[in-house]
């Protein structure tokens, strides 16, 4: 199935008709999710600020998920030399970077009323910040290499090295955290969560995922078209 | 047959010798990184004030930061020159696989500059106010740390080969990966200075160096092959 | 010895561009091939593919001798010389340092080194840093490794271009000696080599092949 779809032409044929529906699904989920966000009760401690969580937590989840997807696509691109996998990894990166930035910004906005500071150097926020740097490095590397195939390979290696390193970095940051702060900071999303807060969170998470899939498909398609154009244009110069 | 068996180590030794002599002489050799390291050290009291209490508190952490930054400096030259000169075309027709070539080049560069920086580290720390008895442990830690920096840095250098963005791009790619050794190294010094046990930090630092030694050649080999086809 | 190199229906790409499509070529001991064609048609890419620096997008490059097929890694690391556009000399090292390094790295013996220096008249250059050499001198120094490490397959990318008339004669003699010893030469050239060679003219694959390459 995956190999069958790995042909860019087939991929375009299969997904181009489905794409608008995924976009529509994302829009509908956002409408529903945002309604639930504002309809849900205030938190007895945090008041209205708890609603930032409905953006922050799904964004943070997406930040990690997209990086994982990039890693998997990179792996397939590197091992099986699927051109589509390269395009998929490249297309996911800026979307992931934006989700990560969103997680950092909403985290910071949430931190102000919660802890009284715009930025709290806790393990979680610091790790997400490093993840954001990974995205930036990935995008910068892709932009710096002229040869597209080489760019795909090099960024795939970077993505995989990053994927292997992320748990280590997370561990080291947590270790650093225990070293520098005796008491643990208030956790952003405690394990105990009221059901009427769980629903908006879940719907928003689904909305984020649908949005990602839609944007991703659009970008992969754009990547395939650009590539075809460039190749044929270069060939025409030899006519 | 006997010549064939010897071909690998023989070639490896000659490559290591060549690269070591180049890393010691080319472009000022280790002088650049050492000068940069000492300049950063001098900037610290100038930006934080010369209060010895403040300085000795931040000395271990800032020394490790400076060590990481100074380690970045020589990375741009690591593969770039030989890449531009076409030397890899000879290296690939010899008995060594690309992974080994990359590792040898990293080690030569580390012996030429990283090790010098590591040797300087206890002095830098002491000048910034760390006690003299921390010298030995800081030297050990700096050796392990600079080795990790060199090899992880080599991955960045191999990935950005031929991009003409050189140093800045390498720094951007590599610095996030320097986070664990910086944390473990600075943590180690802090533990030592507060009298806490250092075994955990030291073993984490060692583990990361071994991890870099295992992962680095694979990643560099793949990146170099893709850059050189 | 009867070495042969076979290109079996190979296609090569640079980036996503298809440069060479369905090329077949059989080269045996004593053969000299001139690759010709427009700039950018893929001569260098083809030489580098034969050298084993990357594997073709489709098809197979193989070598065999009397003992049967040769392992590609052994082919690359023991039987091939590749002389590219760049002369592979570090500017700050002396000619002697570079040649001795090449000899050690490629596991050649000392006599070959002396022979190469003599044959190519390199002794006046030995103590010079290679950055001080002219383009023609650098190319002569590059030629030395063909003699230092004896390998049967020579892949030469525009070998003659920086050389003057006298040096071209020396280089031609060197190549002809190699061929009469049963060696193989595949050279990318603009001007024909001054001896009998088989000419392989490369052209761009047509646009429909390009389209096919795009989708797989």
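Descriptive notes on the structure:
Chains: A, B and C, in written order; residue numbering restarts at 1 for each.
In this section, a contact is a pair of C-beta atoms (placed from the backbone, for glycine too) under 8 Å apart; a residue touches a chain by one contact, two chains touch by 3 or more.
This is a predicted model, so every value here is computed, not measured.
Set against one another, B-C and A-C show the most C-beta pairs in contact at B-C.
Using mean Cα coordinates as chain centres, the one most removed from chain B is C. Chain centroids computed from C-alpha atoms place B closest to the centre of all protein C-alpha atoms shown. Mean C-alpha positions place chain A and chain B at a centre distance of 31 Å.
The distance from the centre of chain B to the centre of chain C, with each centre set as the mean of the Cα atoms, comes to 36 Å. Between the CA-based centres of chain A and chain C the separation comes to 47 Å, rounded to the whole angstrom.
Within chain A, residues 149-150 each touch two or more of the remaining chains. In chain B, the positions touching at least two other chains are 229.
Within the complex formed with chain C, the chain B residues making contact are 3, 6-7, 10-11, 13-15, 18, 22, 25-26, 81-82, 84-87, 89-95, 225, 228-229.
Looking at the complex, you find that chain C touches chain A at residues 13-18, 38, 40-41, 204, 207, 210-211, 214-216.
For chain A in complex with chain C, the touching residues are 7-9, 83, 147-150, 227-228, 230-232, 234-236, 238. Contact residues of chain A toward chain B in the complex are 78, 130, 133-134, 136-137, 140-141, 144-145, 149-150, 153-154, 157-158, 160-162, 164-165, 168-169, 171-173, 175-176, 179.
On chain B, the positions that touch chain A within their shared complex are 155, 159-160, 162-165, 169, 172-173, 175-177, 179-180, 183-184, 187, 190-191, 204, 208, 211, 215, 219, 222-223, 226-227, 229.
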